[in-house]
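Please read through the structure below; I'll follow up with questions.
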Amino acid sequence: MGGVFGAYAPKGRHVLEDVYLGLYALQHRGQESAGVAWVQDASPRASIETLKGIGLLHNAINQKDLLAIEANIGIGQVRYASQGSSQIRNAQPIGARYARGLVAIAHDGAFSNATDLFDRLQSRGAIFQTQCDTEAILHLMAQQPDKEPLDALVCALAQLRGGYSLAVLLEGQLVAARDPWGFRPLVLGRRDDVIYVASESCALDLVGADFLRDVEPGEVLVIDDAGIESLRVPVKAERLYHCAFEYIYTARPDSIITGVSVYQARKNLGRQLAQHHECPQADFAIGMPDSGTLAALGYSEESQLPFELAMVRNRYVGRTFIQPTDRVRDLGVRIKLNPNAAVFDGKRVIVVDDSIVRGTTARRAVRMIRDCNTAAVHLRIASPPVRYPCCYGIDTPSSEELA
Amino acid sequence: MGGVFGAYAPKGRHVLEDVYLGLYALQHRGQESAGVAWVQDASPRASIETLKGIGLLHNAINQKDLLAIEANIGIGQVRYASQGSSQIRNAQPIGARYARGLVAIAHDGAFSNATDLFDRLQSRGAIFQTQCDTEAILHLMAQQPDKEPLDALVCALAQLRGGYSLAVLLEGQLVAARDPWGFRPLVLGRRDDVIYVASESCALDLVGADFLRDVEPGEVLVIDDAGIESLRVPVKAERLYHCAFEYIYTARPDSIITGVSVYQARKNLGRQLAQHHECPQADFAIGMPDSGTLAALGYSEESQLPFELAMVRNRYVGRTFIQPTDRVRDLGVRIKLNPNAAVFDGKRVIVVDDSIVRGTTARRAVRMIRDCNTAAVHLRIASPPVRYPCCYGIDTPSSEELA
Amino acid sequence: MGGVFGAYAPKGRHVLEDVYLGLYALQHRGQESAGVAWVQDASPRASIETLKGIGLLHNAINQKDLLAIEANIGIGQVRYASQGSSQIRNAQPIGARYARGLVAIAHDGAFSNATDLFDRLQSRGAIFQTQCDTEAILHLMAQQPDKEPLDALVCALAQLRGGYSLAVLLEGQLVAARDPWGFRPLVLGRRDDVIYVASESCALDLVGADFLRDVEPGEVLVIDDAGIESLRVPVKAERLYHCAFEYIYTARPDSIITGVSVYQARKNLGRQLAQHHECPQADFAIGMPDSGTLAALGYSEESQLPFELAMVRNRYVGRTFIQPTDRVRDLGVRIKLNPNAAVFDGKRVIVVDDSIVRGTTARRAVRMIRDCNTAAVHLRIASPPVRYPCCYGIDTPSSEELA
Amino acid sequence: MGGVFGAYAPKGRHVLEDVYLGLYALQHRGQESAGVAWVQDASPRASIETLKGIGLLHNAINQKDLLAIEANIGIGQVRYASQGSSQIRNAQPIGARYARGLVAIAHDGAFSNATDLFDRLQSRGAIFQTQCDTEAILHLMAQQPDKEPLDALVCALAQLRGGYSLAVLLEGQLVAARDPWGFRPLVLGRRDDVIYVASESCALDLVGADFLRDVEPGEVLVIDDAGIESLRVPVKAERLYHCAFEYIYTARPDSIITGVSVYQARKNLGRQLAQHHECPQADFAIGMPDSGTLAALGYSEESQLPFELAMVRNRYVGRTFIQPTDRVRDLGVRIKLNPNAAVFDGKRVIVVDDSIVRGTTARRAVRMIRDCNTAAVHLRIASPPVRYPCCYGIDTPSSEELA
């Protein structure tokens, strides 16, 4: 999981501030590292340059330093560490020079055939300096030195199975690509003569761009002086596999994924929950913040139960990093969530969560709510059980750990 | 404005981690600086030691360093820069040695007679090294070297006009004090044999302490081996002046201020707004995030209009600091807030905000909502107009800037 | 011990870069903290502003931030932690507002009557926020609110016993003062229409200023638009007490202290050592780096023994801070010094050190040299035994620890 | 140019602290970046881990973090940016996984056939993520997946022309290698059962290890549980090309390079200068600090002229980084060097420098000395003219810029 962003402007205009702002809007998709890449022409020969770092965007990248750089094409990524640890070497974009020039890739997703790819590439002499699947794309391109970079990229993509939404920087071109199964979202936007690609439409909103359309599953968009050209990855998907977690958990509610409003999707999950399962007697419904809130709102509308916002999520969780000392472990989920005892006192409450993965947080939260002198607590889950780990880039535990 | 926290444990137990966690729960009351103070016995003579810094708690104070320190009494503060700039010299607590020993003070509030106090103290030889009103309390104590520290403190407080909620560290004692007018909140809690004072009850929740009671207006609590003793500031308040902004904006909704649930208070403001002003024809109501959300929920309940969460607040605002470049100024409030266009499309909407100070944000937000193809936008404000600047510690603009 | 620097330019010129450079040249006098102070006029009322930090100058102060500040008068200090610990609160200059305006002080030295002063000031209501003697000067001034700041300063100085070389910032004036006994050095310089005061003449060299003269013991120089006025501290010194350590150890060899070249002084110590004590049979002489090197050169010249530079001092000691782990303690002085075994092999050597305080380093260094297969090692000390601790600001151990 | 260090201990002992100390002793060989690599066994599969950073060792690597890591084999490098810029991506060691396992390389030197190698490797599909020649060694190994890692490494080395002293980490082995021409130094040492390789013997001194011998030109040392095995790079060098700059400038004087004491070599250069060129009438000789000092000492001995240390080098240059503002550029070399005017006054002086590259510093220093009222200044250079740029890893300017 992660978020990618790319921007292309005519020569003479600079886009790295927009890449920064785009990543800022996508921060919810990854907090482990952030990075930006561009082509620098100044030196004796052009080079791919990057600014990358660990943690939230403003810690990872010095905004002042970035704004001082002039580049008309740029890509960036925020990373959620599904593969590898959160070390700086795994921060993206990954840039390289190969026989046909420069290339940098920002990637959201994971390959189901990664092990095969690595073995095959290594047997042909590839070295891997990161722990990201993404590096394989660079090697697949490099092992076709007879092909133009764009052709080599498309041929490389044809060998991938699994999820990838990509922003790719070639010399003079921004390329966006989405896997044929449509696992991960990717959208296209425009503001005046600047073209953007982004994991979610909320990033287009922030930079003031208009949403043009989704990048289609299996589509490769080539953006350069000649405009926007659409190619296809020569792989036939038997069906689409949109990632349900985008709607349930990952995406921001103000994003539109494959034509569906995430906000409405979440409320609908809550509505259907109320329709298909009998509602217990209760005084009100609440959501588990933040991801269960909209499902709870839908549930409340359908069931005619009052809606309350009675669990408070500490706004600074994630920014004010807390050392996991014994005392902190003891306090557990209370570091993040606090039930508003005054609202719960003596009441029967329905708690709606978006999904259950390990179940640890839900269990602890319900216990805290019970301790608020509630008359009854009912937990309802808005999405079907998670049965198997995900191999397409969502960070899920092994089967044994699933609740 | 700011947040204070204090902890007292029997000798041999260490409280600085709890002070850190307490400040973490109070972070919403101040993001300019944070600091912790304790008495260190080790050196030839005891000394007041502090760890302070600029910004959010985790940037201001190295948690590991703090946890390594053994102290059974500690106080801390998070600061919202109402007076002075956000320089490190203005970070609290302020500690000093004077004729009768050591004292450190963490303060939320501001004095209406500050100028008089400064003049009087300076004419008697006081020097001011910070720009905080708080420093005056130390000088008032020091100019009574014949009195015991506790007596000197109470006499000092008697000379203050305006708002102060204090956590004070004396040698061997934790003292909590609240001004006779009750401008600012202060509560008392206990977990086993550890006593806590905090600006808000949500900080007691986080450290797992039970709420005992409010510190009363004009009360001075002396906490030491002998237990908790209650004294009075010898000043008669003609009436109480609880700060309305605590209920409207400042406090966390899961806090209880002077016996009133902030959550219920905010919902009630919305309910009364719906009762007392005719509701326009509309499809739904939303709140201006985050402070207007609960008023909108109350408004929705009273008016029978659906409630929606259709304005998205970037969760990372405040953490990912954005340089105020031309591009960013141009984007304005969009950096923080994004209207969910899919929800607004073709609808009539009522937008509820908690209060209007300058009116800039509300104006820009309404404009963004209008741009979402809405049929009608009605702005409703849950609290009465702000007519005058505040001299008791809330950071308000001058009269001319008020909307 | 420490280093002070001050600069005064006509209005419209900015001196803080020169203060930074001056401190850079004085870095050898203190590495614990560094700070700069100036008067800022912009705000509703003028204020003393400071940038201070822990460690070497470039860590303590962001040079870019400093250069962006416009001020025509500035003072600075580098601090060697003789009193108090190296906490940020003890970093100088110390600035304050008092009844008669603004004052900031940078101080090199220590008062022998500090305890008396503190007691007296505290009994009159003074509070001490730092652990620096310097704070007493501010209180002495503040307790004479009827006097003009300059008069109050001179009266304050009259009450001090011990060492002080000061750069003081008053509103519109730079004041330099040296104690009547002349413990610490202080010099006056000029470049065009900018006037400088500095602990050592090497700082004048760096900013390209001409050395004008020493500030005399007991002299107070007032530098403002009217030029340079010379006053006297109304205290009669029975004799001068120039600090011998300035010549032996503290000062840079390219400085001239009270008309004497430190370089020549150190060589002369070595010469006299060779004259007054019979030279043993030896192949060459070396100095203990860096402070014993010049004495060894003088010794070599007088004794006609060859001079070698056979002990290497790691150039990065002090910058690359090494954690004091067991392994590091075990390696001891070797972290700093390495004997050049190839030079010592089979030779008889005279090792000259500047002085012996605890004797630990010398003992370990001699042992390391012996291990280099030397035929004989003779240790010679260029200065008389240190018999007593220093109470005038040099960081010496207690009598028991002296070798 | 750079410095490398490696350590091998039996399983159960940890060497990363020694690697840190070794790099500390080699800091003079490179200040642009520093890094350490080791094999981590913990995760599902073993991985190469690194800690790297920009600047001096203590800024680049958190010593506490490093000491918490348990590894019995480790390598490290300090880097002087001869190739590429000082970006973090160019920091060494470079680690990778390839078909036959894990490898990490720390490298001092540069290849004269780098362009050919890059072209050849890229045409076979290699991608380059750094700007370091070193990366080519990894690719050369990876393109021989049929060979054991050690064999692949030796075959890779056989294809290199130019300078390389390497510390290589294979799984379970530490390998040291030196190019057949002997451009760069590399030594072997031992302390108890820990084996070390280092660029210079002074690093062995610091960790308390005994110098065993030089790694010979063209030798490959394989260090593992079975002891130390010596292999040869199968390349015949027609002659040796020891880098003269090691003796003149690069190495520490207490190091022994290829059996020659750097200290004696530098003094001999000065002696020969005095023998072969008539000495002008002069009062004394000085060296240009620090690299010309020993040559001046030799010159002084041979010429019977007194030796003085009359140029002071600011000890904090390089640590206290000074922003290159107009004022600083104007002050020029004075930021680093200050002539001791008291010593030069009225005297005739011979200034010995180790070498002339661009000549800028020497020219400015001589001008400063002239300004000290000297009667005559003679500049003498201890090494022959530098005629051509270096392509073996020393950072020299282009031919036009050479003096």
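Per-chain numbering from 1; labels A, B, C and D assigned in written order.
Everything that follows uses one rule, which is that contacts are C-beta pairs under 8 Å (C-beta built on N, C-alpha and C of every residue); 3 or more make two chains touch, one makes a residue touch a chain.
Since the structure is predicted, the reported quantities are computational estimates derived from the model, not experimental observations.
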Partner chains shared by chain A and chain B (touch criterion as defined above): none
Just the number, please: Cα centre separation of chain C and chain D in whole Å. 35
Quick one: report the Å distance separating chain B from chain C, using the average Cα coordinate of each chain. 44
How many angstrom lie between the CA centroids of chain B and chain D, rounded to a whole number? 56
Which residues belonging to chain D are in contact with no fewer than two other chains? none
For this structure, give each pair of chains that are touching. A-B, A-D, B-C, C-D
Chain D contacts chain A in the complex at 47, 49-50, 87-89, 94-99, 122-129, 131, 138-139, 141-145
Interfacial residue positions of chain B with respect to chain A in the complex: 17-18, 21, 24-25, 27-28, 56-58, 63-64, 67, 202, 205-208, 252-254, 256, 261, 263-264, 290, 293-294, 297, 301, 306-310, 312, 314-316, 318-323, 325, 327-328, 330-331, 334-335, 338-343
